[in-house]
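Read through the structures below before going on.
Two complexes, one shared chain (chain A), two partners (chain B, chain C).
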Partner chain A sequence: MCGINQDPEPSGTGDGTGTGTNAVFTALLEDSVEELYESAPCGYLSTLMDGTIAKINTTLLGWLGMDRETVVGRLRFADLLTVGGKLYHETHFAPLLRMRGEISGIALEMKVTGGGRLPVLISSVVKHGSEGEPLLIRTTVFDASDRRTYEEELLRRKQEAEQARAEAERARAEAEQARRQAEADRAQLADALAVLQQSLLPASLPLVPGLETAVHYHTASANRLGGDFYDLFPIDDTRWGFFLGDVCGKGPEAAALTSLTRYTLRAAAFHDPEPAVALTTLNSVLHDRYTATGDPRYCTAVFGIVEPGAEHDQATVRLASGGHPPALIVRAGGQVDSLPTPGGMLVGVLPTAPFTTAEATLAAGDTLLLYTDGLTEARTGPTRKNLYGEEALYAFVAARAPSAPQEVITALTGLLGSFGDGLDDDTALLAFGVPAARPHTLPATDHLR
Partner chain B sequence: MDICSRNNVTVTGRPDGPAVVLAHGFGCDQNMWRLIVPALADRYRVVLFDYVGSGGSDLSSWNEERYATLDGYAQDVVDVCDELDLERAVFVGHSVSAMVGVLAAKAAPERIGALVMVAPSPCYIDDDGYRGGFTAEDIDELLASLESNYLGWSSAMAPVIMGNPERPELGQELTNSFCATDPDIARVFARTTFLSDSRRDLKDVRVPTLVLECAQDVIAPREVGAFVHAAIPSSRLVTLNATGHCPQLSAPEATGEAIQEFLESLQ
Partner chain C sequence: MSPLTITGRDTTTGPVVEVVGDLDYAHATALRQQVERLTLRPGQRLVVDLASLEFCDSSGITALLAARQHAQAAGADIVLSGVPTNTLRVLTIVGLDRVFTIRPDAATA
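On to the complex of A and B.
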């Protein structure tokens, strides 16, 4: 095709073509049935009904490496099989053949002289006599070495796939178990945290004669202990202590600090209720416990004493602040004052820290508000980049003044809610005040209390 | 599911005759008894069934835990006997079923009054001083054979019956289930069968027992038949001039006669 040799006659043909065809045809005719049986490309085997081998072809003898004399009349078909094959033969092959008179395509292995095994595919048919009685079994045997290798590969893949599936299922079950365990652990932890959090905050505010009180506490995360704290408690028959603050950090360490702070302030208040003294005591305790041991921790706090008047028409407040935003006073007249406490330092940073005490009188209708910076540092605006700030807080409160303590807290709670995810810190709000002589609240808000 | 459906129970023969329960072994199903049933049907009430997992049983009732011990199969026997309210029936068990019958007779003595153990073996694996005929490796090889023929399963099941004009009872339906077993179930049954060791249970047999062995049986050699016979004082040993493990197929007349003779001796 590719070359330039145009010789039209293929070599080796010519006038001998007809002679070659005849030779092949003649050879085919001369292929005797006996020769076909003995040298067929498959094994032939005839047995009596009890399996005794009566006839076997040369091909099969060659495969098995056996002599005709040692096989015919001496061995049974099952004797040619491996032990596993014998069991299969007895339990499946022979019963099926007996019942059906025919069986085909059964995979077995035959023993080869010298120790090898020959994978074979076997088909058998029962020959019956004229009365229908079974006479003998004719069996063909195919060498299935290559096919068996392939099938074993398939089986191996199948087993691997099944194993992989089982392992995947097991892994999935384990993951599910781990997930359930983690969920249970988390629930347990949340319960523990809730209990712990309860120990850091008063369960409810006490009733203070001559004062109305309100509080709100927002926890940034249910899974973490808050770092803000507050309290209101009686000191003696006429005076009440209160405090509100924010410890540095979050989580268990912050909770430990909060706990220490709370019980120190409570204890200090009974020892010497002078606000600046209580904060000084707290400063010493925190400094000695943490900062002096190389673990600087601190808090901001407002601590104060409130003494309602005997006539319940006014109350005196004395308070000191350590690094905390100033208290707000919403006056009955509508203006909003802050109660500055100059010089207040973060509590616990320095060995000694000066705290000064400020004093104010709450008249009927006045409300004092303490808050933590979670409120003023909430991020606002579309990009959450701006901080809410003290100015906005003053404006917010002023717009609603005058307000009773619960009104202030309710309004601010609504404000916190409006921050959405911009509010990412804990926030504590505590308000108290002398009830107004006549109600200046709208009736609609009464039922919210 | 009721027991008759679960175990594909067939009741035939003489309704008021003594009950004879025929139980198949590992490999096939109740059709194994096709050639024996006619000989018994005239005089006996013949009960056939398939163990759960075999033949026409309800495969959804199978679970590996139950059928991984011979006790699970014995419970099938007791369930069938209870369902039919059989009293002192003769239990004919082939191969592993012979031992299942021993366990069932122990569990429900009021149900089973005599045993025929066809080609029984209480332990297939050679043990110290005991010759069962096989090693543990041989059994692994059988399991491999089962696996190898998994692919050829459907062709082995081809419903072809040839040259049995004189046996019209070999109906079309038998080939549809005969020897057809889910490979996973077959594997469990094979393990349970060939790895079992029930030698100690033989001494508990109190009922008249016929041990029926073949002269040439690869699976249950004659030493094993002698062992079983010696272990059961109330037993009689009959050796059939038959080859293979299934005399009810290879020598149905002789097998049927031996069973009938034993049944008559019980009257």
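On to the complex of A and C.
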């Protein structure tokens, strides 16, 4: 300001540009302090220590839409604030100001005539007299609308982000729930399959006086219900029924056929245990249920009756076969016989089918073996042209004869294992026989113990 | 495992269906569907030519039985021709050699 006042040539040079600049400075100089106070880009007000408004500038009056007359000397600073602002002023702002003598950057809301509210930033300072006593409070008010808008925008974005996060979390939880449900469903299905599978096969073979029995069941797939079946059950005090077979197809439909077959044969055995009659009954049931309705389904089966002798030194077997490979008898002397039932037809294909019954006597040490074609159709080479076959089976069994039922089954279980991937079908093996006569004297080695 | 190819042709006595490859669980349905689409008239003879059949399991036998049923329903005959030794052995075990008419080859069928 001094420099301007001492300008040596206020107008003498005739330089147009210099003259214009000076005019601006002159205008600034004419901007009185009063004008600066009233029209400043922020609000000013001064209050007595009790808050009564002593002075307020035009800018603030304009923001609030109020007249100077209704404000000065009539209202207190707190009266200009919203209810929330008033409360905050009373509990925080005023006590802090009295304590510190100044306070700055406090966000409050002021009432605007007509119902609006104006977000503001308030700074106040206490003016003291020469003795240090507080005289009045000077306050500046900044319009914080833009800042509030910005903060609200920030808040909104934050809420949106939180909402998105919550939704993502919920989606993740739902996916987890779905995964758990799927696992539970899978477990339930596996349980159901296991229960069904158990209903198709006996849990264990019953003890038959005078007979030794052994069985093995190979399931091609844990997730697929087996299509082979077997059973051994008492018919009366002296006779036992047995059967073993293979239904066509795989999966649930094969299981339904297996179930029908198993319970039909069991029921038929009690009605008339003559083997050919039981198979004839099964043939009628399957034909009526499937083939006659245009859905040809069938099974192969051997059904028989075994009657152990009272002295437990022999047993009589009568069996009939419906399209099934013949039973093998491993004799105590080492010979292997088959028990052919020629002409036995697939069960369930024709409305009436012939079944013939064969009979054999098992002496002590003889073992009868029934098997399904998973064994003989196992691949022994890279293609399906190399199948294990019946001749190989006979040779395998003969090489180990004589064999008790459990020995036969154990050896064949090992054989099945040796096929590896070549064994791709279910396989059922059932053997029973009359135990070999025990030597009456114990081996000498035992005497030496 | 070989893929299954089924080709059909018409003759004066009726349709001939030639089956090449494996007639197993995975492929038997194709034969069933192919045969069920055939229109057979009473007195006609459906020939299923198995000369190039490489493998036949129980599903394949089911498909052959379905073909037999389809022919019978139409009043037609069914003949299996060129049955490979392995399949003939299986058909004999299960008694179907007496259910199907079996001829050495499609020409004499």
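Miscellaneous remarks
To be clear about the criterion, the second predicted complex is superposed on the first by the 247 of 449 C-alpha atoms of A that agree within 3 Å, B and C clash if a C-alpha of one lies under 4 Å from a C-alpha of the other, contacts with A are read in each partner's own complex, and residues count from 1 in each chain.
Simple rule for what comes next: a contact is a pair of C-beta atoms (placed from the backbone, for glycine too) under 8 Å apart; a residue touches a chain by one contact, two chains touch by 3 or more.
None of the values given here were measured: they were computed from a predicted structure.
When both complexes are overlaid on chain A, the residue A:Val195 reaches neither chain B nor chain C. Looking at the shared chain after the overlay, A:Ala203 reaches neither chain B nor chain C.
With both structures placed on the common chain, the touch criterion links A:Leu350 to chain C but leaves chain B unconnected.
When the two structures are aligned on the shared chain, A:Cys248 is found in touch with chain C, with no touch to chain B. Touched residues of chain A were counted for both chain B and chain C, and B has more of them. The touching residues of chain C, when paired with chain A in their complex, are 1, 22, 25, 54-55, 57-59, 61-62, 65-66, 69, 86, 93-96, 98-99. Touching chain B in their complex are the following residues of chain A: 49-51, 76, 78, 82-88, 90-92, 94-96, 98-109, 121, 125-126, 128, 131-132, 148, 151-152, 154-155.
Within the complex, the chain B residues that touch chain A are 25-28, 31-32, 34, 95, 134, 138-152, 155-156, 158, 160-166, 170, 174-175, 178-179, 194, 216-219, 242-246, 249-250.
Interface residues of chain A facing chain C in the complex, by the touch rule stated above, are 246, 248-250, 291, 294, 296-298, 300, 322-325, 343-346, 349-350, 353-354, 377, 384-385, 387, 425.
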